């Protein structure tokens, strides 16, 4: 079972490496490349602790083979922002949206993908969007608060960038 | 004792610590200092650790829950790529058994080897271990180990295990009875039942749960042969306890063993215990003289992490003609699993039956508990540990009793509560409640629910064929288990104090070393808040160190909601000692009598002379400079304390749920969930709220979704998150919280503990609500988890609406 | 897991059905994914018995001679080695199985089986009784199976329906094959079979 | 858990993929991998070879034609769920894909992978049946098409042969009233029961109804008695109730799936309730309720 050469662009840096075909993307990122932000929690595509963005979409890195990701752009929590100051990263702190923090990188990467599609979600929609991310500590309420608050911030930032007018509603 | 109320139905607002003055920091909902590393992926968990030359270990676990091992053939595995070593019980000269740290008079102490040699007693029993260069190779090779078994009959449930014809799991014990234990007054209770106007009885099954910390257990062991130092990074809630126990298990001197808990991804009890796996990792590293990493797969955590609950109980309540509770009688068969885990014997005994008085004045209580060995993983502390089981029994019986005597359940509770002026209150089951005001949490919860209005709505809805119900749960918790002398009398093989060091650096910054070991509770933040308040030092100038046996002199760890009450107490004592020493130095510098020097907001001041003052930071500098300190004084400014509280603390509260049940499908929808908790003084209300939310989610998980299910052969059939339902975001309702504050007199902070409150309170709030909704169908009880099918069956059992 | 059911074989005699169900090759044909069934001699291992599996199976009813089948029919107390590959999508465990004929007395037969794959195993006890109705024969059967190891832990959702499907297919196949027998056996065959009892 | 070793090949075209699997006794196709990889990780499946068809351009994308939409096999659920035309013309398919798994799964899982895997508790089989879709299959002997009704054979078993692959699904633009109602398993999110409905309305009257159920039998199954109960009727509480009552009537209870969440008996109970919910939702969508 020969190794395969692949190219992964992780957080903007291109890497060339050889992997066994069976190696899961999450292990390539963690063990071979040192991006330990994505965590392994359940191995059954349930908990979402391993969530990264692949070509801009949130995916569970425990259910992608590294060879399948050949040529892809991967963003891990380490690359979400320069200084850990993405509005979601800030809101999770402000709203106490994490306790042990193990699920948090995956939770934030999913939420970041979601808010791009749906900048103004209601609480129930946020809960549905986070269905693939299990948190055992927080009871989710403060996570929902965090995502809601980040959405407002991002909305305000966008509006400021567009000339300072905040639009009401809209998807 | 005064009770204050805090209303935060819309949630606690957090504050940037930079916006809080030092004098206001204790009690402020500041953001956590732990978080920047956690939200950016910078935090280091055990499996993140890489070491040069590191190897990986995988376990060969039993295919059967109960079997004789006939042969273990490791030859194929040894030949595989990258395999460094394969060990079976024959290859490892293991000096010790896994110990049990709480003894009872009747306890059968059975052997618990770290690798099974002749018999496996549950699926998690490891038969061999494989060490390889790469993670995947280790698992490949573990699959290639060929084990021949002679399967034996197995048993998963305590009632069945205690039957005469059950397969005996430990022949040395003679039967599956691990212990037979009682508390309370049998005769008086019997009499109470004989004289009762009314009695109610329920058979209650408190199902086995899998803790499911999202981070699986893991260990990285590294041995230095030249110095004989063995270093472990591991997922631990209590590194010092692990060090003490492991030094015996693997026969390595305690002072040459260091254990560090890096970032730990949740525990809920499951990372307290001393398991075989961590010891095996250590032994392999020692033997190979190379670092070894072991990380459990989720499947492994499901069959090895100590599980929780597992009670089969018959509870009876006696009542007089006025609806007063006159007696309580409980018999419980408790699942202990295949072996006795670290603190297992204490959970269904002292942590359970002593709470059976709940919030009520009950003249007499008698409880017997039989512990049973079964072929499931060891059962030990899981969030709440005994107390949720007790609360469940009491609150289910109270609901049933209120129905039987035809009283509203809220009024029934009010009538039977321990009155506010009765504290400290001695229960018939050996507890002395510190303080409480139970009426107040009930009143607040009723107000938040619009209780009276709800009852009208419920009536109306029933006429429209809709079934709403309200469930109350008046819970009490005992945490900060202490003092050591008492727990020693009860069988604990350890003290339950906590230790701390508060140390000034010469420049005036402070490091706090404390023996608790947080894993998500925000200790760095709350402890720094305590110290900032006590010493008047800026919050940012305080560092907190936890979870490392090399740095922290001693400790007992984090579990049982003890960190604030016991660890916090230890920190306050050390801070006070530092202040006292500083006072002498300040007096010396200010040329005053120490008795005339007052300390406030970080400054020593001569009484009545505001211009004669010196800051504690300056005093710290002087103490290390040591050029001019009192003659009989050693240099330096630090202090060590071992705090051993005089008693437990007793948080309490009222949780309540309003649900709607669809009789067609058995589906349950939450309309409201309110939580009014009294956890004493709150160091950081935002963190308190977070603990409450998380606890409730686990309690709702038990009520509605979670259950470790075993088949007739004691094989786990909920073996992954695809089958075991850990609640997801859409399963948990929006929670409204409020709190009252009744200080505890048993520790200097007046705190009570909050980590387990929600988990203790929630299950019976939900079950009571569903039973209330189904009153027209004559449903008395449904066992947890209330799956849609169980609810639907209960509705149809009595032939529909009555 | 417990399963049971009744398979009805139309226009057949109890003896025909009994003979067919006593034929290891007929059983092998009817079991989905069964590579061979070979009688185990003495203390030999399954692998050793496997080597004696014929390249091509002999004929079964109705083509085979009834006497020949009676010759090779299951014997009470004997043991058989079988290899079963149960293919469920990409999940294809191969179970090396030992079948023991526990009791066999017309019209009742009980057998037990134990199978092992690389990381899972199963145990089964089963039985059947033939009940003659007006023109047909009802095969009343039951089976109790236990699964261990990885399949039990990870494949819970799949086991029950797959087991039902395997058993269902087996009896469908037996029915189909016996239908052929009954169609062919208007005269001589039937009386020869009856003669064997 | 960790997958066992295998050989891996990325196919650039459908014919390359067919060549790669042809003659290989133990090769599996991998698309998004969200059905296959979990099975391999748990050690239940150990194929010797994986042929990755995820990058085959011709299998990607949604094309709208007059009267039908073609969904390429490698189209992700997320893309189907966001397709406005499908929401208009075949809402049952759009709504179902929106309810599969979770956000991350929808970003990887593919339509072709789903139906070829034919998990009985997955959501898409019922929708494909309800939508009266046609499945396109390619193999060594060329291409062929199979009606949804003939496609699902059993648990993980379909009409797709060993050396064949699903290239796409053709969904007719008919019956613009459609909906999917699902009772998810609280653990896995798979359907304990899922009911997909497509209604062709003639004014207020149901001219044609197709109802497909997931999670109940060992493969996606049409509920013809429920269809009969609403066909030719005005959609109303009564006709919907009758459909709910009839939903499981033609199913062999012995073969109904069972697990710890729901016995066969209770599944049939849920089937009735969710058939009603799906019909109500479809009726609301069509503006007749």
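Think of it as A, B, C and D in the order they're written, each chain with its own count starting at 1.
Definition applied: a residue touches a chain if its C-beta (ideal position, glycine included) is under 8 Å from a C-beta of that chain, and two chains touch if they have at least 3 such contacts.
Not measured: the values here are computed from a predicted model.
Among the chains present, the centre nearest to the common Cα mean is that of B. The chain pair A-B and the chain pair A-D differ in C-beta contact count, and the higher one is A-B. A straight line joining the Cα centres of subunit A and subunit B is 30 Å long. Rounded to whole angstrom units, the spacing between the C-alpha centres of subunit A and subunit D is 28. As a whole-number value, the distance joining the C-alpha centres of subunit C and subunit D reads 35 Å. Taking each chain's centre as the average of its CA atoms, subunit B and subunit C sit 53 Å apart. Each of the following residues of subunit D touches two or more other chains: 1-2, 4-5, 38, 40, 42-43, 187-188, 259-260.
For subunit A, residues that reach two or more other chains under the stated contact definition are 20, 22, 43-44, 46, 130-131, 133. Counting partner chains per residue, subunit B has residues 135-136, 143, 297, 299, 717-718, 720-723, 726, 728 touching two or more of them.
The touch graph of the protein chains shown belongs to none of the named shapes. Of all possible chain pairs, those that touch are A-B, A-D, B-C, B-D, C-D. Of all the residues in subunit B, the ones that touch subunit A in their complex are 11, 14, 31-32, 34-45, 47-48, 50, 135-136, 212-216, 263-266, 268, 295, 297-299, 519-522, 686-687, 689-690, 693-698, 720-722, 726, 728-730, 732, 734-735, 758. Of all residues in subunit B, only 63-64, 123, 143, 151, 299, 302-303, 711-713, 715-720, 722-723 touch subunit C in the complex they form. Taken in their complex, subunit D has these residues touching subunit C: 28, 36, 39-40, 42-45, 47, 117-118, 120-121, 154-157, 188, 190, 218, 254-255, 257-260.
Listing the residues of subunit D that touch subunit A in their complex gives 1-8, 10, 30, 33-34, 37-38, 40-42, 50, 52, 54, 78, 101-105, 107-108, 187-189. Within the complex formed with subunit D, the residues of subunit B that make contact are 135-136, 139-140, 143, 297, 299, 662, 664-666, 704-705, 707, 709, 717-718, 720-728, 731, 787-789, 792-793.
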